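Quick heads-up: structures coming right below.
Common to both upcoming complexes is chain A, partnered first by chain B, then by chain C.
Up next, the complex of A and B:
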């Protein structure tokens, strides 16, 4: 469904991705793992239209989409939940969620979607009137993911959803991502937490200083001595 | 004595609402795109001249030509965004200042060249005279009407910004542009909308002001700076802040004029602003 071909992305002339190719099939959970600075966020920013690639292609269902602006990418059914959550802190939770469905004008459809995301994240429903900036890190991450789901994307891209969360929250977060997977949404997950990400994923790529260095099935990765040694420290 | 003070405060409050409306436009543009429009006061001047010339031909009173003036100045705002601001959005803060400062000088020069430095005023305005509310309190009718219009416009803008989907999207852009675009909000369209609302507000303020105030090329200087001070005192980007700050400034300048003479009325306002910068730099309702 989504194909990234030889993607090159730079910051002011300094490349951060050197020809990255990955693909994501319908209904899959694919993770891209790699250490800090590997280029994971850059990859998602390029797919979501926040950054323009210098080379290569992003193809969705056979159609080139890397020249679209960020808000047009959302229209194509691809949504990114950015690293660090980036909620609208001065707005309430429910207002944040409404912004997630900005392109939906039908009030009824909006109300249905709101109910749907609340059923995945019941904890945030109780606080829907609270300002997003006043929530704990874990709650903020839930709102950020819920906000992303409000557009009912075909592909949900999550940039390090576990970043900065308490260990117990991390567990819960991955359980929720699993729930979302079960609703049939295709997920492209970027993580530093290799183990949790791999358990959840159908396939995975390892990104290292802007290049894909390894690719395989989730469980293959878990059992691969190389990966265990290089990334799990086992 | 206390009745005189009441009179002064009453007229100050009426002025305050005009300040609120003209500063509202500035704070919305600033909030949404972090651009300080130094030509804001000269948008007001252009609105006043337009209202004046429409009263000459086809003879429409400023109160009646208000929608035309509002739309024309909103378009001036869109043109400013499209021809100038759009190209310096990613440039340094200094470049942005030069662009709107240049526009300020250009508009002032244009008005001088076209219409000369004369002071004009509307002859025989539709609304004139004053109401005697109490024996010692009389309020100028055009000022009361202008204040009422300003209140209505301010409330409408506030409701739009806080209750509608598009208004919330403007707020979202002002908080975090990238996150807003990731939600499918078209950021550039929101910028244009901010200029339409921002310039439209100051257009209405100018139209209202022209009913009872002198019209001349430099008129934007005082009102532009008052708008900046209102925005800064209220807290950059805050709508509620502008509301309180505008009323405070309206009263302070009226009281200043009464106690120290009109030459010093703005000095007191600057004094108030200076105290605010020292004591509470983020303004009354500022975030940081």
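Up next, the complex of A and C:
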């Protein structure tokens, strides 16, 4: 469904991705793992239109979308939940969520979506009137993901959802991502926590200094001695 | 019982009472003050309107425009020129001003919104200066010596009155309309999108909010309403020249009014104008020619004080105070309950 071919992205002349190619099929959870500075976030930013790629292609269902603007890409059904949550701290939770439904003006549709999102994250429903800035890190991450889901994306891209969360929250977060997967949303996950990400994923790519160095099925990765040694420290 | 409830509800929201009283008071102001003091009140209301319009782009959408005097001046010049050149009715001139300002706001916004933060402010400042120079050198539009409006019969249709009182009511209506727009913005989706852009443009973009469109909406709204204030101004003063229309100080004053009163608040610009305008008028009155420029010194000081101590402005400070008091009240109430249990 989503195909990235030879993507080249650079920050003011300094290249961050050198010809990255990945593909994501309908209904899959695909992880891109790798260490700090490997280019994981850059990849997501380029797909979501926040950065313009210098070369290569992003193709969604046979249509090339890398020349579209960020808001047009959301309209195509790809939404990114940015790293570090980026909530609107001075707005309430429910207002934050409504910001995610920019493309829809139908009140009834929005109310339905809100219900759906709350059914995945019941914890944030109890506090819907609370200011987003006053939530705990885990709750903020839930709101950030829920806000992304409000646009009913076909592909949800999560950038380090476990960043800065307490270990018990991390577990819960991955369980919720699994729930989201079950609703039929395709997920592209970027993570540093390899083990949790691989357990959840159908397929995975390893990104190292701007290049894909390995790809395969989630379990294969877990069992591959090279990966275990090099990345998991097992 | 229901009456009691209503009173109780009103009591809990004292702002409604204050605003109603203030509005009723304003309605009878022309009966109380006359002459120069009525002129000062008209100035306050007009600047409150301009500050309110700035608040949409600056306070809500977070784009620090230092060129809002451009729209004000365009409104004034559109009314004056269309009357002098083509004999248009001033109300038609007002509409022309709205259209022109909307177009200019769009043309300014399109390139300037590519800039962030201070650079946007500097760019809008530069645009103001450019427009100022164009009008100073444009002889058909009066050049440096400015334009006088032809004096016509005193009537609403002609937008000219022998007394100041009708002007007062017209500008009051304008302020009420502008404030109504702010209240609507504060509670509408559009207003939330503006705030989202201000708080975190990167996140807003990732969510699919069309930043450029939304910012253009904000600047066009701000520009058109400022232009109406300009059209009012020329019909009131019957004279306009480039310094009184496009001077950078006017832009700064407009922004300062909103910043000082409270950015992103409904009443901030009104509070700000009620402080700043008497300050500048007062210094002019008491110090005369020798003290000219002293109001600018005071502005500079005020900007520093607000930036350091109270970034939320006066209304922001009051809101914080009442919130703190309420939570304190709640806390004591809870403590008392716990003790009694």
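Going forward, the second predicted complex is superposed on the first by the 234 of 234 C-alpha atoms of A that agree within 3 Å, B and C clash if a C-alpha of one lies under 4 Å from a C-alpha of the other, contacts with A are read in each partner's own complex, and residues count from 1 in each chain.
By our rule, a residue touches a chain if its C-beta (ideal position, glycine included) is under 8 Å from a C-beta of that chain, and two chains touch if they have at least 3 such contacts.
All values reported here derive from a predicted model rather than from experimental measurement.
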For this session: Kindly classify A:100 by the partners it touches after superposition: chain B alone (first), chain C alone (second), both, or neither?
Result: both
Exercise. After lining up the shared chain so the two structures overlap, which partner does A:175 touch, if you call chain B first and chain C second: first, second, both or neither?
Worked result: neither
For this session: Could you tell me if A:74 is touching chain B, chain C, both of them or neither one (first, second, both, neither)?
Result: both
Exercise. After lining up the shared chain so the two structures overlap, which partner does A:52 touch, if you call chain B first and chain C second: first, second, both or neither?
Worked result: neither
For this session: For A:91, decide between first (touching chain B), second (touching chain C), both and neither.
Result: both
For this session: Share the list of chain A residues that count as touching for chain B in one structure and for chain C in the other.
Result: 48, 50, 69-71, 74-75, 79-80, 82, 86-91, 95, 98-100, 102-103, 105, 147, 151
Problem set entry | Of all residues in chain B, those that touch chain A in their complex | 165, 168-169, 171-172, 175-176, 178-187, 287
Seminar exercise, completed: The residues of chain A that touch chain C in their complex are 48, 50, 69-71, 73-75, 79-82, 86-91, 95, 98-100, 102-103, 105, 147-148, 151
For this session: Quick one: which bits of chain A touch chain B in the complex? Just the residue numbers, please.
Result: 48-50, 69-71, 74-75, 79-80, 82, 86-91, 95, 98-100, 102-103, 105, 147, 151
Seminar exercise, completed: chain C contacts chain A in the complex at 189, 192-193, 195-196, 199-200, 202-211
